[in-house]
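What follows is a group of structures, each given as structure tokens.
In the two complexes below, chain A is the common chain; its partner is chain B in one and chain C in the other.
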Partner chain A sequence: MKNNRAILITAAVIAFFTVFFLFPMVYALQAAFRADGGGFTFKYLLGVFRNPIYLEGLWNALRVGIGSMVLAILIAFPLALASHRWVFPGKKWLGVLILAPLVLPPFVGAVGVKEILGVHGSFNAILIQFGMMDATNPRDWLGQGRFFGVILMNALHLYPILYMNVLAALSKLDPAMEQAAQNLGCPPWERFKRITLPLCMPGIFSGAAVVFIWSFTELGVPLVFDYTRISSVQIYDGIKDLNQNPMPYALIFVMVLISTIIYLVSKSLFANKAVVVEGKPSVASNERILSPAKGMIVSAVFMSIFVIACIPHIGVILLSVSGDWYGTMLPSDMTLAHYGEGLSHPLVVPSIQNSLFYGLGATALDLILGTAIAWVIVRSTMRGRHLLDALMMLPLAVPGLVLAFGYLALSQPGQPLDFLVGASNNPAMLLIIAYAVRRLPYVVRAAVAGLQQSNVSLEEAARTMGATAQSTVRRIALPLIGANLAAGAILAFAFAMLEVSDSLILAQQAEHYPITKAIYALLSTLGNGHELAAALGVWAMVFLGVALIGAFTLAGKKAGGIFRF
Partner chain B sequence: MLKRTGAIKSWTSDRRLTVMTPHNETIQRELGAAFIDYWEKKTGESLYIDWRVPGGSNEIRMVLDSLYQAADKRVADGDGDGGIGVDVLFGGGQLFFEQEQQKGRLVELNVFAEQVDLFANSSIPASFTGEPFYDDEKQWVGVCLSQFGIVYNEDGLRAIGVEAPKTWDDLADPAYFGKLALADPTKSGSVAKAFEMLVQQKMHDRLKNIQQQPGEPMDKAIARTKREGWTDGIRLIQKIAANARYFTDSATKIPHDVAQGDAVAGICIDFYGRTYNQRFMQPDGSSRVGWVAPVGGTSLSVDPVAVLRGAAEPELAQEFVSFLMSERGQLLWNGQPGSSIGTNKRALRRLPVRRDLYIPENLAQFTDPEAMPFENSGDFVYDPELTQNVFGSLRFIIRVMCMDSHDELKSAWKSLIDADFPVRAMAIFNDVSEVSYEKAQHEIKRAIESGSKIDLVEQSIRKGTVFRVNFSKVKNMADKGR
Partner chain C sequence: MDDIRIESLVKEFGEERALDHVNLHVEAGELFFLLGSSGCGKTTLLRSIAGLETPDHGQIFFGDREMNKVPTHKREAAMVFQSFALWPHMTVGQNIAFGLEERRVPGKEIRERVDDALERVQLAGYGERTIDQLSGGQQQRVALARALVVKPKCLLLDEPLSNLDSRLRMEMRSEIRRIVKENGLTGIYVTHDQEEALSMADRMAIMDQGRILQVGTPEQIYRDPLTAHVASFIGETNLIEGEVESIVRDDRHMSVRVVSSAGFFQGRVTKANWRPSEGTPVLVSIRPEAMYIDDSRDVLNRVNGVIEESTYLGRSVQYHFRGDDGLRLRVTEVNPHWMRQPGDHVAVLARTRDVVVLKH
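Right after this comes the complex of A and B.
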């Protein structure tokens, strides 16, 4: 790619990024560096490192990040490998179901977990029923073992990210290489270690990077477990402090710094050594059909992971139909009344329409920007493109609330971003851009992985034959990375629909509420607020599930059948 | 499948009122519907109420700060009238309204002149149990009453073998270890008030029988007694915090966790307690969730309403306030749904501020006729002299001693319980001299008011370390039986 074009694209994307991400972030973080009488100071930053509580919080956050990432890899990688290599009973459905954690709605997900794992929840009720627990002394699962609970829940929520990225990477592998190794007598483990693993490193890295940074900064899960000795919760607490404490902002800066450093270091260790495939796979993919016995075992493993990962979803579904749910396996007096009341509520239908509009808009924006920037990172020789790569990951590390308040402040009448909301105070454009900025990392990572694995010589061949740059991109490059883009876009859309912080702070008028804010509003209804919110949550889950299945079908036809449904 | 309602849309109504509120969705719907109905009957105009709900009073404070900062900047640039596009501020606690009033964001309310009698004859008293019910400068007025109390789960109490709690002291019982759901005083002024009440009660108890030491002048004795009362209060808070499962800023989390049995008891506001109590009420009148106002330990305060500076619809806003103070508006707070004075669908379970409405005809249609707040709350009178000037210090102390060091506090308390409270370890645990009444009034207060955030940070690191070291010491000694 000509460097001029690269520089142009970079400049455009950086401009977008600066205005819509760096600007609000810096605006919101200035409190961390503002000295008492005005002026600049590092005292608060140093204060973070001198405070043993914050240090412990950072250490715990690191451990949670690494633990969640490792566990997610341990769950996702074998599943992806199995899905890639074998055919087993129910593979088509299981391959989609395994992605269920993606569609968990916020707020009610946490409530659902507590209904199941609480002291008087379903799980204990089942154990008591089977005589495995003393009814007068039920175990407090959520109260004890909180650290491991957080890691487990993170891993179960985030493994689909790794699963999709690894699967996309595996689909690019030329089976000829593995077959050649097999013919030469290489044992399966060696084959895996020396051929498969290195070839799908980009996919593993892209997924792992997202999972690590997400877990490192995750707020919701530690809150479910009331695990407070961790940076994200300390920041959340601090921001809402009535004394307008600058320390949390300093802590945010430290977290962003750590995320960036870890990302850059691990990228240099793992991702740059990607081995590129030589052209399209030369033999057909060799999915082996397993014997019924072995096939059933694999299916059972998929199914169990699915069930465990779906504990929150099951909780939400049961809650939405419950009259009272206390100390029993299933709710007593189940009822559909909450659905009736919830769906006739004036907030609900508009919120669904709004979310669709915002989510689709953001995903489209992300696809355009993400592909362009991935191009620059992988195909150009522009200096500083690795820093650009790290920059694109930043939105994952900055806590939602901070960015949301930055956007709010900057979109007031008279402030720089006012044009986005205009006189009618419609936050649609602002929300689309806010969602897009936050989801950009998924699409960038996916596109980068795709480009790293596609063979540039195919594009060069096309150019030699006289194709224009646009033609090459349209007919050669994009189809080749189509699968990866589909993976990134699906993730971006799903998470945009379920986005919390921006939705809460920026959508101020009921007619503009997205689904997440409608759920939050319904939660506060006296009496059956949780059940009502759960009903809307179930609706969101079903809708997203259908959307994802539809997306898979689409991507399947155009992307060499990885997500074949 | 998805029914459309006949709700008024913002683009079809004649007028529009913008209200910022932390009140729950039920209050918004019921009161909103009633006011819209009233306005249509009065003027024939259809009305759309634009409810802005950024979150709790904390989020609203941040949003207002942000919005007014931009508005003031516009005014300085010669553009705009200082308005932020919001007409009414409704709910968030009396402390929050006092703060907003001091920032000059509220305007004088017409209701004081329109309904002079209400205020003159103490249908709405100027203050009660030491709490102001409306603003001296007439810029906010209390709409409904609230009290903090203890919510508990009957099954849970049985499981841990204690009676229903009646006073704050009961929550320090070691049986509650790991089972109390507490609210975070650094996030909410009302919650901080509840803790302040606790300390005041201890000080009142001591002051009721002052023990003058030989040769000690009375004023010195009083001062010493106050200090001792403060220390009692801090020690009680420490034990309650040690029993706590968490400190949350989500007000609804506490009654919900107690109802679900994940906590046995917690501190929460009256109407949540009552709502959950009723929700699980059996035909025989018993319920697994109960709520009680601690005897002699809590005051009655109000949840106000005000009109914001620069409102786009100032007259409409004033009418909304007047409606809330009218008989119709007031009775909605506790009227039974479907009754002549009540709401449409759901009960709000809150108590009106107007004393003159607690008459038999109305009480017959109340959901909580036995609450009788004015009769039942008189035995605690909030004395601002005792603790008002150290209110900020108390919040700081709770954060540093109880919340930041919560893990260490819990470990120490557990070890003490297991070792049956050995004397020497207990002495160290009870050493709260770092946060004495003196220190609260001087050292800590100075750090908070100096405006130097870095000094405050230094203080909290220093004091936090002292406590954490002490708690480790306590744990070690208790583990060894000393």
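Right after this comes the complex of A and C.
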């Protein structure tokens, strides 16, 4: 019975996935295998491995991926642990602020970074002012940092994903397990290594997988740093010139392949030992109130990570209020005019409404699909459910641009997905689905981690009390993994709101523009376009920030203070 | 209220056979125990009855109705879990009301029945508490109330007392039995605690390696074990190897005389369809408390030897005894007037009706 339902869900999700993910991807990637005469060829695929430049790019992408992941873990894990274990001044707010990198809008973020760290940016201006740098020979932080700069920016941008996952995992840990280790004479460090770490491995793994694959394929950050010897930039340069060069597509195929293999291998290494926490509901937590001095130190660490992670935000905010800004620490002339101007601009308000609609639609779709598929992966005994798990991670490995091209081609009049756009040429449905497909992995991972940590007998008890399968899911399983779902949904929503590739390519009329495309359009207008775009970016950050804080407080209350802000 | 029949039930987990053609009949209104060491299949059997496991083969009937295709929530078989499985996101009252809400019981009646259920488990006024504000014993009673409030046809209990302290366990034993009997439920209770089973059960089944070894009342199981495994699993016993010397009585109650290196024994054959003949190797089972120290001249069921160790337990003394041929026995003397010291030479005896002869 259980498996029949699992098979039904799987069939439905795979159908959805095939039509809206595999089909557009294959459609876009077929260029990689189409021979000149029309037949099928592996020539280009092999060509990728014969080309030393592409190989170097792949190697660098791999190093960037692993480096960013490790650094993100190093940032996020101690923060999550501190927040889980200790009470320190301002914890509630610092816990929210630390998620700030999530709300950074694209494009303007890059512009913001340049305003701060560029040759004529604030940072150099400060150094020059204090006599620590020669004004005639300023350092180019972005150009010269490159490799480590990319890793640092990736890690600073992505650590909130890990932070949320680890915190959710930690909050489900029964404190008695740590106390038991302590009681058996285990010193704190050993206890952490042998008890805490292994038990929250599902949370770390799900976050780390996302961070790795994201950094491995990240395009924006290397572009800002002008770091061109990496696959994503090579692909971008290759596709940009729009001639039918098949090599970039072959390279994309290789990246998808590598991502999948790495995901599967690391999963079998780290995440196979599913941790089921048996026993009574957890005892009271052992959150400790730190002494004022120690508390201040922890708060300061949180604060400084927040500040460093917010360099792009600060740049955007400064730009949005600047009348004139060149080579000084702060804009030499401040004004709020851009905000007023922005709101009256015909692009701005509709774009916010559109983005909200698309983002909420995509998040809702992801929640339904993601929870159902997570249930199949964790609770059923269906054969091949582990493959399904890996399949659900694929969208992370496929660059947005590829899918966007696929969607565009397939939604032309006469093509199979034309019905989504219709005669009115409204891309809403298409965008919602496109957003949802690429954000599904976050929700799946979050829900899987939640279900793995929640005791199955709680659900079985409901069944023996006369609850139907649906009712059990609705009243028991979902509320119990509410915090995990909220975390996944928040990520999905935030990233949907700030999505770039689908938005740029699929929204073609100004009235359908989402925020990102509006920002892009504003950036390319003459005059004060940059400042207007920055103002809209700030609006987006404020808006998203409020939405996230709201969602977190809600989830926090409902899930019994699981996030403990 | 229905009786429960299990026919030829098989459940495999990969290579391992958790249930191996299990047949069982639990009478309506009976408090039935499944007893066995861990991994014997008792919990799998209980979960199959609840519908939480799908058997690979065989059938389960409630009354005349085959239940294999009936989903868990329609079986009216409420289960109490070893971990209690109380929902941490609901209050005590909400936990108990859950099953009634699922049955679309009107709100007013729900409140009445929840209050009533709380009262019955002596937790009146605890409805608003959260689960983590309760002690282990209180949680256990909430789990019980939650299962009882829906008036299930049968109550399934999976080691419900194993997380409680011994005094509470004693109290809850009679409490659970009272509640099952008062409500006329068919109860199936899984445990590995033999004292719990002996003191509470109407009847019980002893399981081992996915099979049922013996079904009977506590007295039948204790007095007339069918196999050496059952005899040594329930209570303590002395097992003495020997072979049949002669048949004393061969009617419905077969009685045989056994020769062993320690001497002659005479006892009952409990296995109905087993007819040992002269020379058949057998095991003689005698409970420690059935043995007594005596200086009579009897030669049957008598072993001469020496006390090796004695333990005073107040109402009884336990002796470790070694026969002259090296046979080691445990002997319990009830209401002892004096202790025998290690090194004392004595003879221990047993009455023929306390001696059971089992297949070797």
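The rule we apply is simple: the second predicted complex is superposed on the first by the 557 of 565 C-alpha atoms of A that agree within 3 Å, B and C clash if a C-alpha of one lies under 4 Å from a C-alpha of the other, contacts with A are read in each partner's own complex, and residues count from 1 in each chain.
The rule is simple: contacts are C-beta pairs under 8 Å (C-beta built on N, C-alpha and C of every residue); 3 or more make two chains touch, one makes a residue touch a chain.
The structure presented is a predicted model; accordingly, all values stated were derived computationally and were not measured.
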Chain B versus chain C as contact partner of A:K92, first or second or both or neither: neither
Partner chain in contact with A:T525 - chain B first, chain C second, else both or neither: first
Partner chain in contact with A:R474 - chain B first, chain C second, else both or neither: neither
Chain A residues touched - chain C or chain B, whichever exceeds: B
Partner chain in contact with A:E460 - chain B first, chain C second, else both or neither: second
First (chain B), second (chain C), both or neither touched by A:A409: first
Contacts on chain A seen with chain B and repeated with chain C across the two complexes: none
Residues of chain A defined as touching chain C within the complex: 1-2, 278-284, 455, 457-458, 460-469, 471-472, 475-476, 479-480, 482, 559-560
Contacting residues of chain B [partner chain A, same complex]: 1-5, 7, 9-10, 24-26, 50-55, 58-59, 61-63, 66-67, 69-71, 73-74, 77, 79-80, 85, 155, 159, 178, 184, 186-187, 189, 245-249, 252, 256-257, 259-262, 275, 279-280, 288, 346-349, 392, 395-396, 403-407, 448, 451-454, 456-458, 461, 464-465, 468
Contact set on chain A toward chain B in their complex: 36, 41, 43-44, 47, 50-53, 114-115, 118-121, 136-137, 140, 142-143, 226, 228-229, 237, 240-247, 324, 326-327, 343-346, 348-349, 352, 405, 408-409, 412-415, 425, 504-505, 508-511, 521-527, 529-530
Chain A-touching residues of chain C, taken from the complex the two chains share: 50-52, 54, 71-79, 81, 83-89, 98-99, 102-103, 131-132, 136, 139, 146-147, 150, 156, 163
